[in-house]
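The same chain A turns up in both complexes below, where it pairs with chain B and then with chain C.
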Partner chain A sequence: FVSYQVEILDWKTKEQLCFLDKVEPNATIREIRLMFHKLYPQWYPARQSIKLDPKGKSLRDAEILQHLPVGTTATLYFKDLGPQIGWTTVFLIEYTGPLFIYFLFYFRMPFVYGLDERFTSSPHPVVNLACICHSFHYIKRLIETVFVHRFSHGTMPLRNIVKNCLYYWGFAAWLAYYINHPLYTPPSYGKKQINFAVIMFLLCEAGNFSIHVALSDLQRNGSKTRKIPYPTKNPFTWLFFFVSCPNYTYEVGTWISFTIMTQCVPVGLFTFLCFIQMTIWAKDKHCTYLREFKDYPSVRMPIIPFLL
Partner chain B sequence: MAGPSLRPHVHWAQRHRELYLRVELSDVQHPDITITDNVLHFKAQGHGAKGDNIYEFQIEFLEPVEPHPVCRVTQRQLNITVQKKESNWWERLTKQEKRPLFLAPDFDRWLDESDAEMELKEKEEEKISKMKIESRVPKDPFRHLKKGYLVMYNLVQFLGFSWIFVNMTVRLFILGKDSFYDTFHTIADMMYFCQTLALMEIMNSLIGLVRSPLIPAVLQIFGRNFILFVVLGSLEEMQNKPVVFFVFYIWSIIELFRYPYYMLSCIGIEWKPLTWLRYTAWIPLYPLGGLSEAVAVIQSIPIFSETGKFSLELPNPLNVTIQFSFLLQLYLIALFLGVFVNFRHLYKQRKQHLGPKKRKMK
Partner chain C sequence: MAVSGSGSSRADNGYGSQQQQPPSRRRKGPGALATAYLVIYNVVMTAGWLVIAVGLVRAYLAKGSYHNLYYSIEKPLKFFQTGALLEVGLFTNCKYLPGIVPSSVVLTAFQVMSRVFLTWAVTHSVKEVQTEDSVLLFVVAWTVTEIIRYSFYTFSLLNHLPYLIKWARYTLFIVLYPMGVSGELLTIYAALPFVRQSGLYSISLPNKYNFSFDYYTFLILVMISYIPIFPQLYFHMLHQRRKVLSHTEEHKKSE
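Presenting the complex of A and B:
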């Protein structure tokens, strides 16, 4: 039984920040992070990036000391990732914003459209419908964040949340402004267009929810290993036959339906940007799947069946 | 008449494919060297260990060789190279097991088997890298056509902008300040032509005809054409303003240096003064050009606000408002950023092209 010694150096200055004596060989990086946190209370574990090489990748919590390419005196490097914020908190803030911002415009707060139009309501039923759909979308997302999602990374840097909030909240305000405007023009093809859009919206929301549930079931037993998602008995999950990330596919579908429902260019622009962002994420995920699983189904495309 | 034949000192070495024999005889005029039945016969008159005499020797090779020895005669020795039939490492030179007394290893050229292998490998790698360099530049059957097209394009643009420049200068001398006010009416058609033709530059970069990067070309052409067609072209009011004169004049001077330089570089001629001009003239001209374009945009903003041109008001089926004057303000910011970034890029380029000569110029 050999006990290890671990020294942790600052990744830039290489000064020794701590020296841990008598570390068990099967200690995990998570335990080392906790020990480091005891010495430096301001650097909680989520903020610590522990690496083998100053310019390398951060080690995962689950890694075991004796399985790393180190001698009995291990040298690790520390980098401060800055204040971190949990994913759950991030999503809660990101999604609550648009929900309430939309209401400011729907109820026509005085500072939005001028005093003459304050608190009036729109003569068009589609405007009420749009408010219901938009709110439903974000409430569903909030519920999923609290009850359904399982996050692989615990946290993200704090400055990201400012960027993300500006984007989501800003766009929500911009599109809510036009939909709830007194001079709003309802869709050119009238009821047919609206009904079609509503049906598409509901289908995509149901699909998106099904996928999230299916993905979270994959990791139900708490195992950290990834598994290939497969279609289940739920017909909405059959999109897994064709696509790696059907949750993104359904999400884009939701926004397309919302664009058709409101016939509003800012909504279209938001949909377009969402599509680009989700395609990037889907391609990333797809590549990760391909790398990790040799028997990954070759029919599957990242986000659009057969195309993209 | 001849006594027992004299043997010269012979040193030998080998590589995988060939054998080297160095015969220590000087002043040899006509050596008689043949290989028959895998036996090398050597006979020559020369100066050796035993003085000026006829020396000869025979060697039966261990394994088959090509019957074509190559001999190089120098003042002090003869070098014979014999090709082995099979690429092989020989444990000795001669078929007989006992080494002949006149034969000795040539330590100058000696390599053992592993070193010889390394030498072979290095030679292979050299060959491969040479082939790569050659294949990287295949001879393009269309290159004359392409060059001709580029020269023509640059020539036409040069003529167009020269016409503009000369025309504006002459009118400036004749009419003075008054020429500012109707610059647009006289010059615009030619400017429209030249700038429309400049779209070809994007094509050239896109299809790889020209090696310059695509995005800066697109931004430059887009920027110019936006000013020309949208800011100036679509508003009658703008066309009578003096700023038009400055915009057109500066554009034409910049192009007067750029196009001839490209034309000559296509043909492969470099005229040093022109190169210097092309990489220096932009220093005052480019910021001035940017400034005059900015003034034009600023002057156009109130007009676009009033007339509502290119703007969309509510209500409309798209449920969006477009304020063109607001977009122009954003464009101004982009213009300044663009000029700044491009300035740095051109400065770097200048250093690359003129760098080592800069000291001379001063």
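Presenting the complex of A and C:
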């Protein structure tokens, strides 16, 4: 039985921050983080990045000391990730914003369209419909955040939330401004266009929800190991035959339908940016799947069947 | 028991089969063909900006004054400044410049975009500002900067960088940057009343796209954006200057 010694150095200055004696060989990085936290109470485990190499990747909590490429005196590097915020909190803030901001414009608060238009309502039914759809979308997201999603990482850096909120809230304000504007022009093809859009919207929302439930079920037992998602009896999940991240596919579909419904350029622009962002995420996820699973279905594309 | 990983993380990035190249060479420099293309690109760009410089001097001598020189170099300016967009593509795809302190792709892209914007969306689009002296201010600043910058890249690629060029690149910006920025801002400012009057690039409600855009306001926002952005770029260059000019020896060794 050999007991380990662990020294933790600052990744930049290389000064020794702590020296742990008599560490068990099967100690996990999580335990080391807890020990480090005791010595430095301001650095709670979520904001500690512990690595083998000063410029390397952070070690996961589950890693075991004796399985790492270190000698019996291990040298680890510490980097402060800054204040962290839990994913659930992040999503709640990010999604509640657009929900309420849209209402400011829908109900035509005085400071938005000027005093003359305050609290008036639009003569176009599609404007009411758009408000319902937009609100439905964000309420659904909030419900999913609380009841459905299981997050693999606990936290994200606090300063990201400012950036993210500016983006989501800003865009919500911008598109709500035009949709609820007194000079709003309804879609060129009238009821046909709107009805088509509503149906597409509902299908995509249902699809997106189905995928989230399916993904959450994969991790039902609280196991941290990843599994390949497969189509279930729910027809919406059959998109898994063709695509690694059908939730993103459906999400883009939702926004496309909203663009068609409102025939509004800012919505279209937001949709386009969402598409780019989700394609990047989908490609990442797809690559991770390919790396982790040798038997990953080769038909699948990241986000668009057969194409992307 | 494995000793702390000298081989573990970097050894086999899936390139296991290529055992000929020693690992230290893999990250440095492009292949011979890529170098040739890059040298040609940089030589062409240097030549282009020299053409602009010569054009300015000749026009000045012919006219006897420095006013309204824009027209004599309008076409090469548009061509070569827009050509810099290629660079952004190159940077994003292969971090190719050996022995140079790597500058951020984002900053370069940003600078190129703002120059292209000035060239096309302001100077070309608002004809009335083409006679402004502020145009000469930024054209001169750009011309001198680009001639030095492209010759710097050319020499670096050929591994024969004269210290003078390196010094010039990392020193003259101290004057040229503010000069260029002043020229740019004054030009945008001069364009404002004409944009307001003509409604250039603007669209107002109601319309079937449910979109509105006021180019006048946009230009004002662009001018305001110089306030946070320009100091960042400037201090970034100052920082680079300190790094590069004090580590001349180390750079020669790092090949």
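In this section, the second predicted complex is superposed on the first by the 308 of 308 C-alpha atoms of A that agree within 3 Å, B and C clash if a C-alpha of one lies under 4 Å from a C-alpha of the other, contacts with A are read in each partner's own complex, and residues count from 1 in each chain.
The criterion applied here is as follows: a residue touches a chain if its C-beta (ideal position, glycine included) is under 8 Å from a C-beta of that chain, and two chains touch if they have at least 3 such contacts.
What you see is a predicted model, and the numbers here were worked out from it, not measured in a lab.
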Superposition on chain A - do chain B and chain C clash or fit: clash
First (chain B), second (chain C), both or neither touched by A:Ile179: both
Contacts of A:Pro69 with chain B and chain C, given as first, second, both or neither: second
Which of chain B and chain C A:Pro110 touches, first, second, both or neither: neither
First (chain B), second (chain C), both or neither touched by A:Asp53: second
Superposed model, chain A: greater residue contact from chain B or chain C: C
Where chain C runs into chain B (options 19-27, 91-99 or 199-207): 199-207
Shared contact residues on chain A - chain B and chain C: 178-179, 181, 183-185, 188, 262-266
Interface residues, chain A side, partner chain C - complex: 52-53, 56, 69-72, 75, 178-179, 181, 183-185, 188, 262-266
Contacting residues of chain C [partner chain A, same complex]: 1-5, 8-9, 205-212
Chain B partner contacts - residues on chain A that touch it in the complex: 178-179, 181, 183-185, 188, 262-266
Residue ranges of chain B in contact with chain A within the complex: 314-321
